[in-house]
Structures are given as structure tokens and as C-alpha cells.
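Just so it is clear, A, B, C, D, E and F label the chains in written order, and each chain counts residues from 1 on its own.
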Amino acid sequence: MSFLPLKERSFTIKIMSEKIYKLLQQGKRIDERSPYEFRKITMQTNVVEKANGSALVSVGSTRILTGIKVELGTPYSDRPNEGVFSVNAELLPLASKSFEPGPPDERGIELARVVDRCIREGKAIDLEKLCIIPGKMVYVLYIDIYVLDYDGNYFDPSVMSAMAALATCTIPKYSATGERVEGENIKVPIRDVPLSATLGIIRDRLLVDPCLVEEESLDTSIVVCLDSASNVVAIQKNSPGHIPFSLMESIINVAEEQISKIRAQFKEVVGIG
Amino acid sequence: MTQVIKPKLIDENGIRLDGRGPTDLRPLRIEVSVLEKSDGSAYVELGKTKVYAAVYGPKEAHPKHLAIPDRAILNCRYHMTSFSTDERKILGMTRREIELSKVIREALESVVFLEEFPRSAIDVFVEVVQADGGTRTAGLTAASLALADAGIPMRELIAAVAVGKVDGTIILDPSDIEDKYGEADMPIGVAPESNTIVLLQLNGKMTKDEFRRGLELARVGIQKIYQAQREALRRKYGASTTEV
Amino acid sequence: MSFLPLKERSFTIKIMSEKIYKLLQQGKRIDERSPYEFRKITMQTNVVEKANGSALVSVGSTRILTGIKVELGTPYSDRPNEGVFSVNAELLPLASKSFEPGPPDERGIELARVVDRCIREGKAIDLEKLCIIPGKMVYVLYIDIYVLDYDGNYFDPSVMSAMAALATCTIPKYSATGERVEGENIKVPIRDVPLSATLGIIRDRLLVDPCLVEEESLDTSIVVCLDSASNVVAIQKNSPGHIPFSLMESIINVAEEQISKIRAQFKEVVGIG
Amino acid sequence: MTQVIKPKLIDENGIRLDGRGPTDLRPLRIEVSVLEKSDGSAYVELGKTKVYAAVYGPKEAHPKHLAIPDRAILNCRYHMTSFSTDERKILGMTRREIELSKVIREALESVVFLEEFPRSAIDVFVEVVQADGGTRTAGLTAASLALADAGIPMRELIAAVAVGKVDGTIILDPSDIEDKYGEADMPIGVAPESNTIVLLQLNGKMTKDEFRRGLELARVGIQKIYQAQREALRRKYGASTTEV
Amino acid sequence: MSFLPLKERSFTIKIMSEKIYKLLQQGKRIDERSPYEFRKITMQTNVVEKANGSALVSVGSTRILTGIKVELGTPYSDRPNEGVFSVNAELLPLASKSFEPGPPDERGIELARVVDRCIREGKAIDLEKLCIIPGKMVYVLYIDIYVLDYDGNYFDPSVMSAMAALATCTIPKYSATGERVEGENIKVPIRDVPLSATLGIIRDRLLVDPCLVEEESLDTSIVVCLDSASNVVAIQKNSPGHIPFSLMESIINVAEEQISKIRAQFKEVVGIG
Amino acid sequence: MTQVIKPKLIDENGIRLDGRGPTDLRPLRIEVSVLEKSDGSAYVELGKTKVYAAVYGPKEAHPKHLAIPDRAILNCRYHMTSFSTDERKILGMTRREIELSKVIREALESVVFLEEFPRSAIDVFVEVVQADGGTRTAGLTAASLALADAGIPMRELIAAVAVGKVDGTIILDPSDIEDKYGEADMPIGVAPESNTIVLLQLNGKMTKDEFRRGLELARVGIQKIYQAQREALRRKYGASTTEV
């Protein structure tokens, strides 16, 4: 059952919200950023040798570790020629006092499903190349996302780290008869690199990449994921509140602008994008 | 085991598999106060999509440490019967049901005056009896009526609908098969009086222009849904209550 | 662990119990019924097109939806020539403030198991006709019961709706070699229609089909299920309290009388009975 | 994999597989105060059926919101060891164990003076060490003794037994194989002093007349069980305590 | 998540601890035992006829029932020639007011895993003799331990009862082609009988087999498991607190002495040891 | 499917697979205050074993009935990422993780002044990012630093390391492959100032003499770990804080 998480009392949130709004009107943020400016992004790949692929991505203090384990399995019966992937996300209690130990709650599940949609609908992976024997044997990619430190906005670094782990993922090669080709590996065939930008909304103002204090004070927020051709491949309004129809045009444009910057950095670090 | 072939979803005359044009809604039936024991309830049927919603509360929050000093908490469960889908759904909550419970709850929170009931809880249950596309939007439409039927004060109602892209065309209210074989599905929940979006998801690929057109088409559908909601309330409560 | 559910305070229950008992002595009920009178029963079949069979049954305000999905599976090893069915019941939180979300509690499990026993011991289904390839392939019927609205007595409408859904259930035909016979369907082979009546007991008095207010005020209650030849096929004392041995004869007779009335209505709506 | 053939359960002389006549109970052994650490306990052995029961309480109800202002809550768990049955039972509670916990709890509630301990809890644990038919009735028999051993005030003891129908004959105290291949199994829990039924289930098919005869046969068995219960209490506590 | 269980208030524990320590200095215990003296041990085997093996062991009032069910299954892929066993332990709520119904908590899991290690690392079973068809069919032994009555120290009687149940376990014989040899059974091939002794520590003093009151008042405690050649095969410090390095030598020696006594009794009752 | 052959773990010159001698530790890296949002945190890398620890608290115990009147409760969770091991670990807590959470918690309780925070809770989270042997000892080493970093008063730090027996030799700090194919693994947690053991497990077979030598070797390793812990704290806080 979905329920309202306990937050600060409304009036402290209202005061902070008012403050953030006034700063936005002056083109400012509480942490010295401009409204359309991400915090510092760092990306490291191959950080866990036992994973087939892995990446550690930070956006400010928010830190996400994604690892990929590849196994052999059977394809879905309605997609006999395609490999399979699944995305899981855990908001580790290490990362925030608001995260509890235990199976993923609705926030972890939402995160995993949104990242899954970015990858799936953004056609990031050429799944047909992950088929070994049609209908019988395919590669199965387990893409597992862990939030290690949480200072707001876990969506964007999660998409980045999942894509960076995929783009650097190395898997054992199997022949068309299902035999292991000893000593040979293949890369996960990447077709596109969908990336996301999260926008916060206060009244008629937008900001990108909210930090935790901002996140708690926003009217609402929205995650926009675009592919490399700037098609919209996933959207998630991910908190309560209203978005005026009139803001949608700006939201898409700001997202596009931000994602192109992130994409440049991604390309530089990971090699593709 | 053979790969499934995508059927043609829109013919050369722009007619969809079930005979609709691209901007047509399926037959819509809305009723309020359909369940005796809940504090408020509603039923929404959109083609073969059939959804109940029921509301309990405001009541004491329980367990107590979940109570919030200055407003009510809103609990929401979106759930499907095991036989609502083509393949039998497993018993218990799937990850999909958990995510949809969250987005429906967040949409409802946007319009309910929660501050009027400090330390209380309001429970909203959406039960999908049959799923033929658009269940979260039908569920949200029903849930907002159930809240109204329970007398919970709200800024305004919520009307919700999905738009999609199939065979390159932007369509209103995709059915299950259109969702499955189409290129994109975009459910939208709207507070029609303030003209604001309270639920928005997109699953699929659209150009920016298609996305804009999808939003516009949704607004058309929303008006029809909203009209039907008001009529259902009027049938139950008479003319005055449509101003919630 | 089974535990006592929180009810009204004993004294309010005692007052209501006293009132109900006094009315019973005058042959009356709190809702204008006579002691041996069910509330209005309505039955609708084929209400969910995606289910192989379905039925919506109301007894007063209590409303039960049963749907059946049929899959292919393997038989139990000690019954290689028989199809398989399983019954599940969920007391949806939609239906009552006393029902909680989550996996079925002891009440839901009891309901499912009592309906299962009615069907199984009442030999309602000719399970051998649901065998496709002995020992290998049989039809598996998932009979899932949902309580949508709960104003007392969910047992009797659940048995009715399960039987109505079974009697109208349509399943794809398979040949003896396990091939789908395209375009052809078969009906679930019904051998008998067991039906139940729930009786409430206050001291030396009986009533049938308790509504919720009555249910909470009874000394105890009992579900009796009979087949079409009036054999007893299932009994469940389903609440705390004493039944004097001396009442058992009346209980069986009243149940028989009530079930024969329900059976007539069932036959009219569903066609068999 | 061949279909199992039903064995003949009663021979031409009316003798059952284990040598009993139709109205015979299996060898019965009852002991009280068998476990050190619980507040009360009992052990019942009926043929190869072996059952422990233990009681803790009255004690503070926990968590507190489950406490009832004007009486104690009674918790009950009927549980089987994994090796108690022919096929290994899975760990954790099965649906069957959950249902039987409920019917045993409800039977016990009928005789315990719960009103004497407001806001308290009494826990009853039934552990089936070996299951050879009649475990819920043996468990109820043991549980009522464990409550008495714990000094919990009760209207009277409960004695319980099952009757069955095998090869067309109504029998007392069916064993596992008689239950499995028989036509009906009817467990009954009785408050012998007030001559009332506190647990009753039937699983199988009986004519109305067979059902009546089953009830009568159960009363005969109950008297023997009740006698053995009183003797077990007398052995432990001396003559006076049999008037619980 | 592991958490500190609620115990008596520290000061009552401190008083009892002081008392136990003073008695130990005089070579005494609160229950009249000497420091290096187990409570009375009783062992009974074959107590549950439906189990393949079973044993009921008491150490004082602490009573443990272990039963073994044998099934057929597949071996682990990295041990194709070996049978499989698994150990489970349940602290039944019957046994103590501190045990809760539900799946095993960390104490039950620790108990099961320590017994598993004693058996596995003590090479108690000749697992290769439990292989029927290499890589395909082996015996699978489910060793399930139930704590029926708990007055301190469940580790030692659990190891004893598991070993006694194993040593008397009878399993159906299968031929090398995987056929049941009707009417013939085999015994579980026992290679060694590891046994354990639990020691409590208060400051510089040791005691063995703590009863419940002692257990709650100890500084800490340790389980030592030795095989028949007095090799150390498992150790578990199983409660909070410090063990001075200087005590380790005595701990091992006391454990060895105690285990040799238990072994003599085990041999007498079970026949091997 | 062929039986795995045990590799030779120590060559004729006493050199281990990764080039170490029997008494060598793997390269060790320790950092404190590595995670922003926790009250205290640390990172320990020992060869390819990589572990984070974070501490939250002291804070209000929750739910309240778990609070202890005269001291804080210490909660501990040892958890591994799914990709930390050669075979993918299932999501959720395994039995092994639950046991290790217990022994790590008990070790930490031995040194934390819990009495200073009655009715409070302190949460310790150990997250194993990569597991190549010695994760519980690395986790305990990190956890004690995270507690210090959070300013929780402790009698002293804990340093922990494993010793093992492979190819008949007692070795320090076994790697995963040495643990898997070796004869014994013995993790030890030590409070170095008081020279006492706070965590001790043994899994495998050792003679009494080997066990004694293992304990001695562990003390050597512990000194190196402890030195590195103090240096990490000094780097963060300067010289004075090493006297915790």
C-alpha cells in the first residue's frame, strides 16, 4: 500500500519553499548553482571486478553504484530471439536516514522501473545480439542499482550509472551451439544511450537536479528521459503536486539542454553516447 | 514458440481495430456509491476496462507513529484481480501495482485538503476487475469520485485518460492490444478546473512534437471524462454537488 | 498465529445480542426478515470476459466476484488421470473496514479452504474429464474469489459464485495428443452443485444468512454444505462459542430447506443445479 | 507414476487395519506439566499421533494496540514439525495450519474466562511432533489441559476427537490412512460438562443419518478422552483439581 | 537487521553476575553444579517413526528434538559425487517466552549454521556414499532441529541430537541405476561424531553448559566443537562481550575434557561415537 | 559438469597464489567520512574486498517498545550487493548475512558505551561492494571506524582479520579462493588495547596446536590493521583523535 512518507512539518517546508522560489526569481539556488545547472558529475567504470560491468556515478553527494551480472537463461516465449534484462534498485539504509532496511519499497521499485523503461524504450541494447540459441538460450543481464549516498535526485545518476555499466560490460562469448568460447568475451551491444534529467517545479519556476533540501520543498518534480536523437522515451512525474500545462514546453526544452551536456560528459568518460 | 507478429492497429481509413477513430474514447460508464460498506465508492467502465474504487476515512491513523501532526496521511492501493488480465496475474502485489499505487496516491494528494484532518488517515482502494488498457487512469478517475462520494473535501476532481502512439498515429485511450503493440503509452491525470497535470508517465518513444500533440489530445479526452464524472455525481446527488 | 480480532466492546454486543434474541422469539429480525429467510440473492455470470468463467453474486449488500483462469499443467502424482483445481479467496480491503491489505489472513484462508472442500467433497467437477494426457498434461483451474462488499456471511455467496463461475466456464479444447484444437472450446464438466447455508445461533434460536450486525452479536455460527441429494459434504463451525448438541438436528434441517430454495434460483439463473 | 489403489480399510469381521473395531480409540497417553519453561503444558499421544501444547500468560498484550479493554486476547498457533508427516512438510505455516490455528483458538475461547484479564494476552502453542490422524483434536485436547496447567480459569475442559466414515462404516478416531482413503472425516471438540460443541468440521460426504450417528459416536469417544484428561490432572495435582 | 534483544535491566543482571562469579571462585554454581559439570544429559533415538531418523536430547530442562527426512535430489554442480544435507533450526515459541512465532530469527539461523559447520567441517557424514548416480541423483538429508524447552545452552544438545539422529537414520536403498531396491534400507554412513561444549566466561572464570539464568549473566560465551581426534572443527563466540586472549588455552582444554565425557555417553546410547 | 579440482594454493617456496607469503596481509586502504549523509562512515579495501560502513544515531528507538530503559540498542546489518560475489547473490538477506550481522553487532556492543544513550538506537550498516574473502572482518573494522567517525563513545576501536589454514599452512588474511579450497577459516575481531577477543568463529579443521598458532598470527595482523585505522582517523581528524 502506498502511503505518504513522514516529512518535516508543512510550515518549515513552506518557509524553505518560499526561500527557494525567491532565489529562483533572482536566478539563484540555495547551493550557489544557477537554476539550470547540475551539481558536479563524476563517473567511474569497472569499479567492481567481480561484476561483468559496473559504474559508480556521483551527482554532488548523491552516489550510485550499478553492477551487472550476466547469466544464461531462456528468452520470453513471445520474444524468442532476444536476450533478457532486468533492473533492480535498492535504496540502501547506508545512504539516508529515510531509507529502511528490507525489500525495496515503492521508491526503490519506481526507480528500478523508470530506469528499466529508459533502457527498454530508449532501445539502448540490441537485445537480438544477446540471443545465443533462439527460443532456448540467451544472455540474461541483471542490472542492479544501489544508492550509496543520497542527497536528492537519484534518478539521473542511476540512469547514467546503468548506461555506463552496460556500455563497459564484458560477457563470456558463447557459440551458436551454446558452447563457451574459452578466453573470448563480447561487449554488450549498445544501440543508443538514453539519459535523463530531473526537473523541480515551484509555482511557475523550474530548476534541474534538485538536492535533498530542494527536493523536500518543491511543489512537484518530473523525470524526463531522452534518447540521443532527443526523442522522449520515458517520463515520470515522481512526486505529488500540480504541473501547469503551460510549463510542459519549457520542461522538455530544459531537459533536452541538460541532457546534451550530460551526454557530452558521458561520451568523454565512457567512450560512447 | 514463434515470434508474435504485430497486428495492424489502424487501417488505411484511420479506423482502429475496435472501430474507433484515433481521437475516440471507448464507451464510458461511471457510477458512484456502488459499494455499501465503504465511506465512498465509484465504478468506472471504459470499454472492457472495469475498475472499482472505495474510500475509508478520515479515520485514526494506525499504527500511531505513522500519523502526521498537521495533516492526514493518504494511503492508496491499486490492485488487480488475478483474472483481470490475459495471462493470470499472480496473487499479491506486483512491482507494477506498487508503482501505480504510488503515482495514483500522489495524484490524489494534489487535490485533497489533507490539512483538514491532522493525525488522520484516508484509505483509497482501487480494484481492477478487468484490465483492457487505461486501468491506472480509470482507477484514478474512479478514486477521485470515491473521495467525493465519501465527502472528503477536495480542491477539485481529477479526470484521467491515456494517449498513445500506434502505427505512427497519436490516439486517445489505447486499448490493451494497442498498448502492447503500439509505440508509446502516456497516461495523464488532470485537475481540469486548474488545468494542471497531477499524473504523468510516458512509456515508449515519441518525438517532441508527438509528445506535444499527445498532451493536446489528452485534454480533449479529459473533458469528456470530466463531463461523465459530473453527470454521475449529479445522478447521485443532484445538480449542486458537481461543484466539489 | 491466530488471534482474536478486535471487536466492539462486549457490552454493546451483549445489548444487540439480547435485542436480536428477543426479536427471534417473536419470529422477527432486525432487518425485517423472518429467522429462516435469506436476504435478496442476485447472480450474474460471465461478468469478466478475460476470465474463462466468472460470476458476481450478491446476498443483500454482500457481494462476491469469482473468476476462473484455466492453464495447462501436470497432475498430482497420485492422481495422474485427474485435472487440478485450486481455490483462493481475498477479503479485499475495499469491502470492509475490518479487512486489511496484504496476503490473505486466517479468515480468507478459511473461506478458500471451505469452498474448496464444498467443491471437492461435493464432487462438483468431473476431474477425470479435465485430464488431457494421463500423468502429463491436465487442465488446471484457478478459482479466485474476491469479496467486494461485506455485510456479513461471505461463505454462502462465495460457494454460489464459485459454482456459477464453474458451471459457465469455457476452456480451450485440447486433443488427446496435447494439441490445441483451434476454435473449439469445452465446458467444465459439472457433476453436482454443492451449495451452502450459514446459520447463526443465539442460545436456543437459529437464524440463517446473518447480516454483519447480527454476525457480530451471535453466540456462534456454522456453515453447512449439501450436495443435490442432500448429503452433507462440508461443515465448518466458523466462530467461537458453543452449539448445544440438541440443536444439531434443527441445524441440518434448516440448512436443507434453505439450500433447496437457493438451488432453485441457481438452476434458474445458471441452467443447472 | 501409477494411480494409487485404495486399500481395504475394514475387513469382513469389521476389523480395521490396525486391529481396532469401528468404535475403538487408539492407545491414549496424556501428561500435563511436561515442559519446564512454559506456564502450562501437556502432551497427548493417540496411537502414533504425538502432540505437545504449551501456554504462556496471561501477560501484557503486545503490540499494545491489539489489547482489548475488557478482556484478554487469546493467540493460538497450531504447527507441525517438518518430519511429522509422510511427505516432508515445508517450513513455515501452511494454509492448513493457519486454518486449524483458527478453529482451535475459537474452541478454546469458548471456555476460557477471558474477561478476567483485560488488556492481557494468553498464548497457546500446539506442536505436532508426529501426525497420524486426529492432530487438531489431539492438539485441542492438549491445549485445554495446558491452559488448566497454567492456572487459567476456564468454564470447563475441552475434549476432542474425530469420527470418520470408511468403507461405508462410521468409525471413531480415524488414523491417517483411514482419513486419506476414507469417505469422510469429522473432527469434533466438546465441552463435556455443558454437552456443547465448540469445534466442528466435516470434510467428506455423509448422509444426514450417517452424520447423526457420527455425532453420537463422537460423544462416546469424548467421554473416554475426558476421563483420561481428568486422570492426567489428578496424577499431577491430586483429586481436587479435576474440578477445574 | 540484527538487534539487541530486550533483557532484564542491567543492574539485576549485574547482581546475578556478581553472585555467580563469587560462587565460581568457590568452585560452585547456582544450581549446585561444579564449574566444569554439565547438567544431566538424556538421549533417546527413533522417537518419531515417520522421520528417517530422530533423536530427543535433554540437557537439564533444555530439550531438543531433531528429525531427518531423506529425499532424492540432484547434487551441487561442483560436487557431483556427493549427497547433500541441509540443517534448519527452529526456536519454537513453546520453548520459551523469549521465542516468537514466525520464520527463524538470527538466533535460530545461527544455531542451524553452527550445527551445519560441526557436521560439515567435522566430516561427520561420508557424503560420497550418499551419491546414487553421479551428477544426477543423490540423497538429500533435511536435518531439522526443534527447541522444545529452553533453559539455556541449545547448542550442545542440538549437536548431540543431530548426530544421534544421523547415526540412527535409515534410508531406502537405491541401485546404481536409480531404482528403489524394495524392502532394503541403508544407514547414513557416519565417518566421525563431532560434538560441542559451550563455555561461559565471567571475568577470568569459566563454566560449562550455562543454564538460562547463568546465560543471561555471563560476560560472554563460546561454543567449541571437536571431532573424535580432538581437532577443532567449529568455534562460535555467540554473544557480546570480551574474551581475554589469555583464557583461550583453558577454553580449549576444558572443552576437550567435557566433550570426551559427552562422547562416552553418546557412544553408550547410540552405539558409535 | 565435472568435479572441481582444488588448485595448489601455496607453492614450494611458500608463496601464495597472489604472491604473498603466509603471514602477509593484502594491500590495505582505509578511509573515514566517505559518505555524506550518514552520521559516520568508513571504507575498507583489503585486496579486492571492498566494504563500506555507515552509522546513524544515537536516535530515538523505533518502534518504541524496542527501546531499553537503561541503554541504547545497537542495530546492525551486514549486506552484500548482488554482484559482490562470483555467483550472483540473491536480493534480500541470506542466512549467512543474517548470522554475520549478529556476530558483528555483538562485537561492536562489546566496545560501545551503550549506557550513555538510554532509550536510543544506533544503526550500523555494513555494505559489501566486493567480496574476496575477509568481508566480515573488513566490515567490522570499517564499522568500528564509522562509529568513531559518528562520535559515538567507545572503550576502544576494534580491528579484525581472518586467519586460515591452506595446504597445511597457517596463513594470514585468506582470499576468497584460499577460503574456498583451504582447510579452515578463522575470523577474529580484537579490541587491541585490552587485548581481548570480541569476535571469533572457526569454520574448518585445525589441530589444537594449529589453532594456537592461528591465534598468534591473527594478533600480528590485527596490529597492522589497527595501525592503519589510527592513521585513517589521524588523516581525517588530526593526531589527537586517535585516542578514542
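In the analysis below, a residue touches a chain if its C-beta (ideal position, glycine included) is under 8 Å from a C-beta of that chain, and two chains touch if they have at least 3 such contacts.
Just so you know, these numbers come straight off a predicted model, no measurement behind them.
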item	value
Interface with more contacting C-beta pairs, comparing C-D to D-E	C-D
Taking each chain's C-alpha mean as its centre, the one farthest from chain A	D
Distance from the mean Cα position of chain C to that of chain B, given in whole angstrom	32
Whole-Å gap separating chain A and chain E, where each centre is the average of the chain's CA atoms	48
Chain C-chain F separation of Cα centroids, rounded to whole Å	57
Length of the line joining the C-alpha centres of chain E and chain F, rounded to whole Å	26
Residue numbers of chain B (touch at least two other chains)	63, 77, 123
Overlap residues in chain C, where contacts from two or more other chains coincide	1, 101
Contacting residues of chain F [partner chain A, same complex]	35-38, 41, 48, 50, 52-54, 56, 59, 77, 79, 81-86, 88, 91-92, 123, 125, 127, 129-132
Chain D contact footprint on chain F (complex, rising order)	63, 65
Touching residues on chain F, where the partner in the complex is chain E	1-4, 66, 68-71, 73-78, 95-96, 98-99, 101-107, 109-110, 114-115, 123, 184, 186, 191, 194-208, 211-212, 215, 219
Complex interface listing, chain C residues touching chain D	1-4, 6, 9-11, 77-81, 106-107, 109-110, 112-113, 117, 121-123, 135, 220, 222, 227, 230-245, 248-249, 252, 256
Residues on chain D engaged by chain F in the complex (per definition of touch)	62-64
